[in-house]
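Each structure below is given as structure tokens.
What follows is subunit A paired twice: with subunit B in the first complex and subunit C in the second.
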Partner chain A sequence: MPDVQVLVNDFINKLRKRKIEGSQATSRQTAELLRSVISQTRVPYTNQAGALIDAVRAVGEQLIAANPVELAVGNIVRRVLHIIREEDLSLATAAVAGLGLSSVSDDEDDAERDNHPVLSAAVVAAAARSTLRPPSLQTLLEDVPDSGAVPHTSSSGGDSEGKSKSADKSSRSRKLKHDVIEALNELIQDITTCHELIAEQAVEHIHQNEVILTLGSSRTVLEFLCAAKEKKRSFRVFVAEGAPRYQGHLLAKDLVTRGLQTTLITDSAVFAMISRVNMVIVGAHAVMANGGVIAPVGLNMVALAAQRHAVPFVVLAGSHKLCPLYPHNPEVLLNELRSPSELLDFGEFSDCMDFGTGTASPLLHVVNPTFDYVPPKLVSLFITDTGGHNPSYVYRLIADYYSADDLVVQQRPPTAS
Partner chain B sequence: MWWRSASFILDHRLQEDPPNNIASSSKEPDTLSTLSPPQTHSSFMAAADPFNPIPNPKISAYYQTRAAHTAVVTSDWLAQAQAAVGHHPDDSPAPQTQLLASPSASGKSFCVINEFNNWRKQPDLAEAVAAIRALAAVIRASEATTMMELEIELKKASDSLKSWDTTSISLTAGCDLFMRYVTRTSALEYEDFNSARSRLIERAEKFGEISCKARRIIAMLSQDFIFDGCTILVHGFSRVVLEVLKTAAQNKKLFRVFCTEGRPDRTGLRLSNELAKLDVPVKLLIDSAVAYTMDEVDMVFVGADGVVESGGIINMMGTYQIALVAHSMNKPVYVAAESYKFARLYPLDQKDMAPALRPMDFGVPIPSKVEVERSARDYTPPQYLTLLFTDLGVLTPSVVSDELIQLYL
Partner chain C sequence: MEARRASRTVSDPKVRHVGFFTPDPNPQPGWNPLASDTPVSNSLSPVMIPPPRQPSDRTAAVPVPETGIRRQTGADQVPVGSYNPSESLLGSSPAPSSPSSRVGLVDGEFSEESNGWFRRSESGKYASSLPDTMVDRAPENSASAAPVLESKKSVEATGKGGKAVVEEQNEVQSSSMPLKEKTTKAERRALQEAQRAAKASGKEGNKSAAVSQGAAPVKPVKQPSQKKDGPPVSVSVSVVSFDKKGGDRPPEKERKKDVPAPRMQFDDKSRVQKAKKHAVVKQTEARNRVELFRHLPQYEHGTQLPDLESKFFQLDPVHPAIYKVGLQYLAGDISGGNARCIAMLQAFKEAIEDYSTPQEKTLARDLTAKISSYVSFFIECRPLSIGMGNAIRSLKTRITDLPLTLSESEAKAALCSDIEHFINEKIILADKVIVRHAVTKIRDGDVLLTYGSSCVVEMILLYAHEMGKQFRVVVVDSRPKLEGQALLRRLVAKGLSCTYSHINALSYVMHEVTKVFLGAASVLSNGTVYSRVGTASVAMVANAFHVPVLICCEAYKFHERVQLDSICFNELGDPDAIAKVSGRTDVNYLNNWANKENLQLLNLMYDATPSDYISMIVTDYGMIPPTSVPVIVREYRRDHVFI
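Moving on, here comes the complex of A and B:
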């Protein structure tokens, strides 16, 4: 445990100092950290899933607090929690099914088991299934079990007396951790290979003699365009430079080395050139539950230009960028302001920006936001590693990857209202 | 039975209206539709008896009740007349044979409709909850010995409830939800019929708590969307929206509310009363002033009488107009609705639903040649709505059909 704590503190420091750049790197490191946390957690004999969930929540809460704007951290924490619940559920249903068979065969051993052998199995399975799904109309009239009930029902279902039960339980305790770590390994694998999966779909969307517009630099977009190039599509790319970091310059250079015809333009020229463009393809920092996109600054303007000229606006995002939260006031709450030095040279402007002389506050303010919020109605298509989706379909993907109980990652119970 | 404030404002115009208002000829029986004083009974027998399972089909009982609960000045004189006559709705009168299906069914349908009426009159209780409680009473009173029989009885009761007021969507949705739950329960192979039955009754009774819990969940979910210094436009008196605003006020958020007057019920006056009690700054607007003030508004909050399959909502008349204005000025429209209001309807335009008419009072007599638009509700298509706050979570309009499919298919 102290070993893991050192790792956790290390990672928190890195997050706080913004030393990790990019959501892919952040997600991968978060997943690896949580994997070590899980493998080092001691699980009790009963209610193992609950213990794992508590451990992950405790660490996850600290991680999210270290960098709340980096949504990928929260996404991975919630994915891990969902994986734990899922694995526990599949083990429980397997155990119950096994016990159902055994209780039928052993029914002369215990008379009162005959009262509800089949009933308890079916009801337990149904109840357990319903805890994993988000609340829905179907479960409205049923009992709403509390979040600790998933291991509870499985252990109570397993409580129907059986001599084979103790053997089942010990094998189950090893299995749960093992299954969760396997699933986590798959998750890490998915995160690292998301670019390839997205790039595979490039050839369906980019056609011959097209003009593509992009802004700034995104590795996903680079791989996407190169994949289409390899399939012998010939097309041209307009790259907007993406002030103030000018990462568009790097992207333009990369594209040229791969043999693509590239044109570099300023951000202000986007509106002028958009009418000659067939499609806009960009990456994203995060995708919110309503289909809105947190993207590098300048992309809201590009999206508006694209809508004005009826150009499809395509967003490429790996599934680790999918966040189950709904944004309220994202321009302020999900944004980070970076250093003004990226815009202005402190040497020349020191007299305007100096706090020390005379007046209390300087007359020149510099605002350098990192992100922009693009509302869902401006996005035409999301391309994720699972395929292409409409913005209004994002809620389905979220239901697949996350559980409703994990939206608020807090250790202390929420104050009842 | 009628929960009203003690100040009993007799509106002279309302008293004079029945003889003067010749336009809506059915107005007279409407105002008496919820009780049957014996002396007028004979003349309005066919139209307006509450123990008659099918009230005047032209007038929506649902909207009458809503008006009575939430409007400021309504048929107070009715309550007075009711008290004067000494009529108690719980009395079981002689059965109205001409409008009952069969003598044996009359006893049951009687029970259900009576029971439903009793529950429905409580102002804090949602219509769907009243329906489910009425159906629970049917289960309790039933003499069936198998699940199949019970289901058939419930189906009959549910159908009679639905036909009693065809315009109320939450009533239909509540009945359907409960029937669906019953059929699924019977599929779980309970060996003992009595235990299954008691489980059904217990669940139905717990459903009433769900209604209050649902409102609190919705209030919690919407807290984040109300920020300090915002201006909220509210239309119609929705108990859910009131809960949302109450919770926000309790959390010490600073915001102000614009209330539309909400003709003809004038629900805005009532709502502004409630908000003033919470010390929330309120401004009343006439319905036509919405576009004028829309640029000062940060968000629009409405409730819903029903949420339809496309993700649109059916709500008090005027909601569509406000949503259109808000959409054209890029203001978000948020809907607060409990999940049992989801209904399997897909209206394609405004006239595609069962008409729900209600008497319109213009304050002056209208000549008989002039037609009056008396519909009480309209349909807002999903593209004008931003988000729905329900007890199932925050939803975009496209999620609604998904939820409905999961339930019914």
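Moving on, here comes the complex of A and C:
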């Protein structure tokens, strides 16, 4: 599959050079890339799921390493892995159900197919059901050994009886790949339409004469506000410009063309204005499992000001932004420093900057971070495409999208290779 | 220190020396409270009938309403306080070790003050219940005819006496302290305090006397007793309460003066029209104004300057020096509270030097009117800062207080020297004092954050660097002024190690910061710091990261106004500055924003930082918590009058 490798390398280069901006674009392209990876992966007769998972993992690892700060890549890789597992399980349960109807004697075969040679069909069915169902404490306890075993035990278990039912299996393997790709298409669809799903909820949150503050630019926020406007709500928006990228200018322009009362303010005036604001609505870069938000730089300040004045701080985030990781020192580790030229004109300060050439350390440093970490206690509400959620509920949302085995993608389990 | 404090708690209500206070440089051995009476009575404004402290004394020093003399020549004449400006200006620099103790004093003050608050209502009781009725002054008092009047006077006398005693003790105790100037301030303040107390309590005295006239002669007697032996606690309490009373309720007339005139509200159409008629600067109102800020003036920028420049040679009533400074304000060539204030005062000085009184007019009135017209010209160019307002206020008081006997040239010379004094003492010297204080808070290894460009903070940083302290500076900046870049350049040129960032990155840089130094345009009496927009955000983030925030502000910028938000009073800058991002040609989304009906750009200039974000305010009177601002405002406001 050389052509896939070319695609992957191309995408990795783009990620490395930070050519792709915005988590939505990144996640969509990641999903598309993984789709082509999956479609090009030749699946063995046995253990199709394991093979797919390995392939996706190998690519995902490289993608994540290319831009570890762009959490959306990792999210999508994990989502795809989860989809493969789910599809595999649903196929298995379907087969179990079919077998259970026809005869009980095929018990052994069914178990083999599901890569659990020693388990009875009933247990497998239970396991399958439990994974499709949202996990509860009980299923978590039951599930852990099973799902952990899926990719690994299969290879050993599959060999013994693989030859007997090869024809059936090939059809099934095609079915699995097909299902996975179907699901991936759905995921891509979800990512592209998550704006609309979020924007649909706008009228529930914005009332007449509301004053809304936002910082920087986010397409989700734009759609959200415009959706409320279309529903004949009249409200005014304060847009902080979001130095040093000044995306706020762009947002203000877009809002004005859509007919919203817009006031552009400097970032420094946020504290002054927030006392007259009813709600802060912002986009996010990523939402961590603890409910913290990795957001465009400056939002922590806004969130603090909002908290001070008891203004609700609402974060709009598509489900592709939900990251199953818990942040550790996110201000530093999940941040990225951009070029100082956005802050200082090199030409003007060139005489101050060449101290570094001598023995002494340079006198002038310029810090230009990209992201801010907003701790969960400052967030009032998340609005995702599945509805509004409390920050404390995010960990649970994540369980819907990711399986616990995929949380660590980078480190390949030693047994897998 | 210990001894001093102990004695203070017993006898001294004067803890309110927040800053430095020193004894009379040349204490006269025979000095007694009575002697201090003369300047008191002299310094009273003619309207106030100076209540005699004791009848005999009073007759000797009949209050002549020529208050100005004493004020004007105060420098060389004042017998008691011997306020010697040259000495205070040049001679002494504050001991750098003092700040901590100062802060301690402030604390002390607060506790005592609250005491005073509590006791206030009871003070009458305390005073009248004092047992030792009879001491030296009783006979004189009894000689007086009208009991009601007497009670008033005597009450006042006690207040004053108490003060005086305290004064005396202070001198004895702390004669080793440097800094002459503050002593006299303290004294003057004390005297005025006493007068006010007298007035305030006079009213009550009237009342109480009406109820029970028998009590009247008792009161005055308390004072000598206190003077003689170690003062009983109750006495000191009553003294405290007395002057608290004075401090808290100034007499009607003064109070009226204190309340700042309501500011011009620009949503009031008729008044705006009226104001426009007199305007020198031709202004067109900006389009697309922000609804929330209708009450603030906002004009189209760019049109006024050429217009004004063309008018430069049509010499209308505005003096050329004033005109020049006004133009500089308008063009933004002079910015920063201190620079603007100094430029304004120097322009006033030039104008006063060239001034000649027209026929059939008095200097005091005509010059005040002139100054007022200059001030309104300045306001047209750019709204005044609060520090400038204070400076103008003190200058006007000086003019009205000029004695009529003075010839014109003398009066002008006096005013000019007063202006010089104000600049030197309230701004330049105050900055030096602040630097000395603040430097004690900088330690090796510190990472200091500052926002925008404050000249005091810059002086502090440079001074600390000169002292060889090892620290790093984080300069945080924000659009549209980007004043931090200029500061950064100056600091780096001096060899300081700097980090530069923008205000959005605050949360990122705040992790390593150990202290935040901020300047202020004004400190309001509820502790709110009114400063360059963004200061509040910096203070808030610092507070969230538990980093102490130190505000550096000269006391002449303190104001008794209160403000809760940044909206009721503010200044609006040029909105075009927001649409254009300097040095970034790629950000051009809003090039023709004015045509868009729905879009407004808001360029706020200031914001109000709530006092709970502020750990400390470093001012020329010492380092104080924000809660002590009203104390400084109340106690030292009178000083501005004296320039």
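One rule holds in what follows: the second predicted complex is superposed on the first by the 350 of 417 C-alpha atoms of A that agree within 3 Å, B and C clash if a C-alpha of one lies under 4 Å from a C-alpha of the other, contacts with A are read in each partner's own complex, and residues count from 1 in each chain.
Note that in this section a contact is a pair of C-beta atoms (placed from the backbone, for glycine too) under 8 Å apart; a residue touches a chain by one contact, two chains touch by 3 or more.
Computed from a predicted model, the values in this text were never measured in an experiment.
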For this session: Look at A:349 in the shared chain and tell me whether it touches subunit B only, subunit C only, both, or neither; answer first, second, both or neither.
Result: second
For this session: Answer with first, second, both or neither: which of subunit B and subunit C does A:306 touch in the superposed model?
Result: neither
For this session: Would you sort A:322 into first (subunit B), second (subunit C), both or neither based on which partner it touches?
Result: neither
Exercise. Where does A:395 make contact in the superposed view: on subunit B (first), on subunit C (second), on both, or on neither?
Worked result: first
For this session: Quick one: classify A:194 as touching subunit B (first), subunit C (second), both or neither.
Result: neither
Exercise. First (subunit B), second (subunit C), both or neither: which does A:409 touch?
Worked result: neither
Exercise. So, does A:221 touch the first partner subunit B, the second partner subunit C, both, or neither?
Worked result: neither
Exercise. Which holds for A:291: it touches subunit B only (first), subunit C only (second), both, or neither?
Worked result: first
For this session: May I ask you to name which of subunit B and subunit C touches more residues of subunit A?
Result: C
Exercise. Which of the residues in subunit C come into contact with subunit A in the complex?
Worked result: 290, 292, 477-480, 485, 488-489, 492-493, 495-509, 511, 532-534, 536-537, 540-541, 544, 565-567, 570, 578-579, 581, 583-584, 587, 589-590, 596, 598-604, 607-608, 610
Problem set entry | subunit A-touching residues of subunit B, taken from the complex the two chains share | 177-178, 181, 184, 188-191, 203-204, 207, 210, 216, 219-220, 224-225, 227, 247, 339-340, 342, 387, 391-396, 398-399, 402-404, 406-407
Exercise. Can you name the residues of subunit A that touch subunit C in the complex?
Worked result: 238, 241-244, 246, 249-250, 252-253, 255-256, 259-273, 275-276, 297-298, 300-301, 304-305, 308, 331, 335, 340, 342-345, 348-349, 352, 361, 363-369, 372-373
Problem set entry | Residue ranges of subunit A touching subunit B (in the complex, touch as defined) | 118-119, 122-123, 126, 134-138, 140-142, 289-291, 326, 328-329, 376, 392-393, 395-396, 404, 417
